[in-house]
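Each of the next two complexes has chain A plus one more chain, namely chain B in the first and chain C in the second.
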Partner chain A sequence: MTNLMVNNLYNVVSLQSFTVFPEYFITLSIIYILIVITLITYNSNGLMLQKAVSECMALTLFMACYLILNDDLTSASYFMDILSFSNAVIYDSLASFTRFWLCFFSGLYFLFVADSLKEQKLTSFEYLIIILFSVLGLLIMCSSNDLLLTYLAIELSSLALYVLASFKKTSSYSVESGIKYFITGAVSSAFFLLGSSFIYGFTGSINFFDFYRMYNASIYDYVMVQWFPGIGYLPSFFFESWLFSFSFRASYARLIEVYDLTFDDLLFGYTIDYFNFVEIGLTLILFSLFIKLAAAPFHLWSLDVYEGSPTSSTIFFAVITKLSILVVLIRLCHMAFFEIKEWWDFYFLSIGVFSIFVGSFGGLKQRKLKTLLAYSSTSHMGYILIAMGSDTFTGVQMALVYMIIYMISSLCVWSILLFLRLKRKNITTKYNKELGDLALLRKSNIPLSLALSLTMFSIAGIPPLVGFLAKLGVFLPLIINSYYLPALASIVFSVVSTFYYIRLIKVLYFENILVGKLYYPINSEKTIILSVLIFALIFLFCNPTLLYLACYKISLALFVDPVTYSSLPIDYPFNK
Partner chain B sequence: MANFDYNMMFFFEDSLIKKEYSVLLTFLVIAVLLTIVIIGASYFLVRQNPDPEKLSAYECGFEPYEDTRHTFDVRFCVIAILFIIFDIEIMFLIPWCVSLAKLDLLGFWSMIDFLFELGIGFFYVWYVRALDWD
Partner chain C sequence: MLTININYLLITTSLVFVIGLAGIIFNRKNILITIMSIELLLLAINLNFAAFSIYLDDIIGQIFVIFVLTIAAAESAIGLAIITVFYRLKNSIQLDPIKKKLTNKI
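Showing the complex of A and B:
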């Protein structure tokens, strides 16, 4: 099957596929589940299979997690990333780590959502197939080294999510939120494409490693030259002088800067305006990704979309889509365009601080729980952006740590929101939970209210829980790098946001009313997973070392020289 | 580097940007002016006497029997979307067919895989009775 000979007539399945095994696995499982369940469901039996299909998909995703762990070249990825599919797909520790967490949290998501699909009247199994398509898109985004592949993955994921937001056809809120999400997402993808076209036009390449090499070409870069048959590659200093590599870098950097010289006789001389279109292109791409992250001032779509969509869709938007976009941001800014960090760290810091401001002050007057959590997720994205905006590698490490902790605690909160099913005779209208609905939870479900309050304390950043370490870790790189004003502003605004987190706990425990809402009890599979997540919140405060170490390794491994798959001299096609 | 002429970007009189984009500026100005002329002439020069009889719906001189608006049948939209998808599949098939002799076995099986995936979608659409026209 895999033939490493130069005679490439038989080179059908090449060894490079192992870098995308999880994607292959999930694609095949989508196809298989689609065919089988279509044949079962669309007969005259009328079986509703959504709970079983959801648990089957959770199993599929956990097997994909095992696949990712199995392929992890943990010792090798300190010095080697693997580029495959003509340098479009990269396999390094960042890709491996984030793909694992993505599949893991998606698997947990499917387990949480299995029961509640019937209660929300989302009984078609196609809902779950579309979620799995979105997970596939997010997986590809995590391991892409190319602007084009990133765009394709963003579109695949986002198109699935637009359908998910509007899946409940009987509710006009749902349809309206789908349309809002679609228009916002389409505009942001347009910005992404415009930025990519600027960057391509002025640099001639769409590959992230090419951008890195454009600023940082070194004499150790390998150049493709046919010197002898069988030995295809030489370091560049063998056949040109080593000054070649410096002039290479100088000429590329000069090409992307455009100077506009105008004569202004009022000032007795020339004025120089400086346009660097690569920076403009990068700014457009960054704005596109900020829109998708729901960072302020681009957060307005998320409030209505989270409120109007069915709750199981909202959990997916709020928890799982953010990780891949963070990965794209890390690859763009800390790998590809790291040399111009004075340009983009301004945007990260300003939009981050503004997101924290808007997220903190916007949630103060909210009584609807989903919109409250939407504001809260805007502020969390602000924390992550300011961690990235400090020009340190600690920032990248802490951004990843914060993202993982955000996913754990968000999954806890949203799943508690999902679990609480009203015990009413007939639920015909859409019913989203308000602040007052949680009032007597301390009497009806004591462990659940404890879980919710612990999660709220963690999100607020109160010490014996891991949210405190996450927030501390976010402010630390700013202070290391002497960005005192953003750090001070963020800390002050984070204190403001603790109001609405603690208010939730107050409603749970200290509300003096006599009549509350009655909820169904929660079955034991879901409580086991929820308890493990809550335990993780407390455990990670005592022993966060594993998480910190993994993210530290990733932040160090971002600048490893890659091994292009085709650069191994084994199957280079000489006779093309 | 020798071919890159800084003069082309610096002086606006001879600048490259002016050569490339001045045509577009002319187009934009003419479009806006023409629109203003047409709408302005129609608004200011026409004698307007609105009458309910003139503004009502026309049905061969009679009073209209019923409202002509009806709910949009979504089958048309579904068929249009499916047409786009399979048309794009054909669009990818055509260059592949032409250049198949120069592609090796990998190129062949890649297209077969593409056709297979779209075939799965086609099977699903057929089985779900979205192609039935009743």
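Showing the complex of A and C:
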């Protein structure tokens, strides 16, 4: 009897389903919530369910956090990568870590956003369900090991984001920002697809590990290369002996020798370097991901979209979505195409420094708060990109640490922005806040203004808060790897960007005006969450080892050969 | 057996892609044309994938094509929905109002 049951269970739930268990859970709960709420609101028009629905979704996401934490695969994933769905899904420590933080922060986001929806007149419950769909896409993006799955996850999340940006149908700003987001997002995913088609055409595979094996040319991989041009399958398991467990360095000349046999008559008979096309494809994919991250030459959409769309959507764009794209970048560059780091680290460094430049100088004259924070997030993305461009594994570690700290601090700032409800008799249509609107916050709500100024100090990088350690950690791998010029330039620009963070504190505390805008107090639930976040900013400064060690383990596990489980030949200086 | 050199197919797809990109960049008036250009981009990529799939004798490219077709349909549906909302607000689908307001803002 039990044997039968187990057998039946085995037929229904195969082992590979456990690698995407949180995704299954969230999908099922989306469908369940959708059906139940549609039935509840079927006969009663105008029933407002936002608060209940958003708390239900926060509960779903926190339960997903619990699922990720209590997974037995999570502990296994620190020393081995678990591949499933024909190598399309990877379950390693990076995936479980980022999925946990994604679920955690989006759960907090749902708790924050519950009350403000009525304020913003976003009364339909579909809004929250669309956000949960987007979270699902971001979760899948974190564990995808395949160009196709990455594309599908990006589209699942960004199709939801276009709707979120233009959700307020009565506001022309919102609809315009939706159109802008749609066009830039569609063009960027078209570039992603073009790049992946080039990579597919010239490598014959869409799997990240295959790219890794192709470039990391040991003798084992030499066999894989000979399989590709159509000569025939050579059984690779013969070659997995101890002799080949240490991988040799990629020798470009040898690989090109092999490939020239088949590709030399491509493009009108000119002998071209076959690697160029893969590199061009990688560049196109990187540019499309930079558009999604709103890094500097591609940041122009973010200013209008962040300003125009409803504030509750803007928080999601600015805080939650960036983590998964960072994970895709890490998987592409630090796992699959690590051997051509000379090709991509230039883009990371130049675009990173340029985003810091634009983010710090663009915000100087800005008086609208949301646009100011958009510039600020552009400069933060710049710090993350230069940390990754140092192509050491310390760089990956520091980029992850910076991302988590960025998410904490920007969730604080944006939620404070969301909590401020104007005290006014006649309701005006103006929702967006300017810098001067905060001038009387110190008088009306002392702890809130203190929290805002602490967060601003943290973002600016003033020592007793964790933002200082985050920025220090970014510059460290750059200097280890002797990229002195980008480090120097970004330090100088970060000093400039300190100006507008401190100016906000000056507006908060040192303006002698008597007439200004007053705000309602915020309720206790939000106060508790906000104070926990602020406490995390101070606590992580006192004890940063917590975060650093987790990210250290993850970035170490990234640099393990997925075929032979031996560590990669790391020839760069680290931990001297 | 008639075989076509892959170079001609690649040139065709890159031409279609460039036409679509030019349609997005140079069209400053109509949102519908922008959506059509986005479709053109995705079609060019589909053709690219199909050509590579035949060339490599590998099925993955064709699977990719089918997924991209589906996503393209969903994407254009959402774009058309946003255009409908825009039309309700402005009574036109010209992009000029956006530009005018932008210049006023600056």
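Quick note on the criterion: the second predicted complex is superposed on the first by the 478 of 576 C-alpha atoms of A that agree within 3 Å, B and C clash if a C-alpha of one lies under 4 Å from a C-alpha of the other, contacts with A are read in each partner's own complex, and residues count from 1 in each chain.
The rule is short, and it goes like this: a residue touches a chain if its C-beta (ideal position, glycine included) is under 8 Å from a C-beta of that chain, and two chains touch if they have at least 3 such contacts.
Only a predicted model underlies this, so the values are computations on that prediction, with no experimental measurement involved.
Asks: A:I480 in the overlay: touching chain B, chain C, both, or neither? Say first, second, both or neither.
Replies: Touch status of A:I480: no partner.
Asks: After superposing on the shared chain, does chain C or chain B touch more chain A residues?
Replies: The partner that reaches more residues of chain A in the superposed model: C.
Asks: Of the partners chain B and chain C, which touch A:I35 in the superposed model: first, second, both, neither?
Replies: first
Asks: Figure out whether A:L148 sits in contact with chain B (first) or chain C (second), or with both, or with neither.
Replies: second
Asks: For A:G204 in the superposed arrangement: first (chain B), second (chain C), both or neither?
Replies: Touch status of A:G204: second partner only.
Asks: Contacts for A:G178 in the overlay, against chain B (first) and chain C (second): which applies, first, second, both or neither?
Replies: After superposing on A, A:G178 lies in contact with chain C but is clear of chain B.
Asks: Going by the contact rule set out above, which residues of chain B touch chain A in the complex?
Replies: Against chain A, chain B makes touches at 1, 4, 6, 9-12, 104-106, 109, 117, 120, 123-124, 127-129.
Asks: Can you tell me which positions in chain C touch chain A when the two form their complex?
Replies: Interface residues on chain C, with respect to chain A: 6-7, 17, 20-21, 24, 31, 34, 38, 41-42, 44-45, 48-49, 51-52, 55-58, 60-61, 63-64, 67-68, 71, 74-75, 78-79, 81-83, 85-86, 88-90, 98.
Asks: Given the complex with chain C, which residues does chain A contribute to the contact?
Replies: 148, 151-152, 155, 159, 162-163, 166, 169-170, 172, 175-176, 178-179, 182-183, 186-187, 189-190, 193-194, 196-198, 200-201, 204-206, 230, 266-268
Asks: Spell out the part of chain A that touches chain B in their complex, as residue ranges.
Replies: Within the complex, chain A touches chain B at residues 8-12, 14, 31, 34-35, 38-39, 42, 251, 254-255, 258-263.
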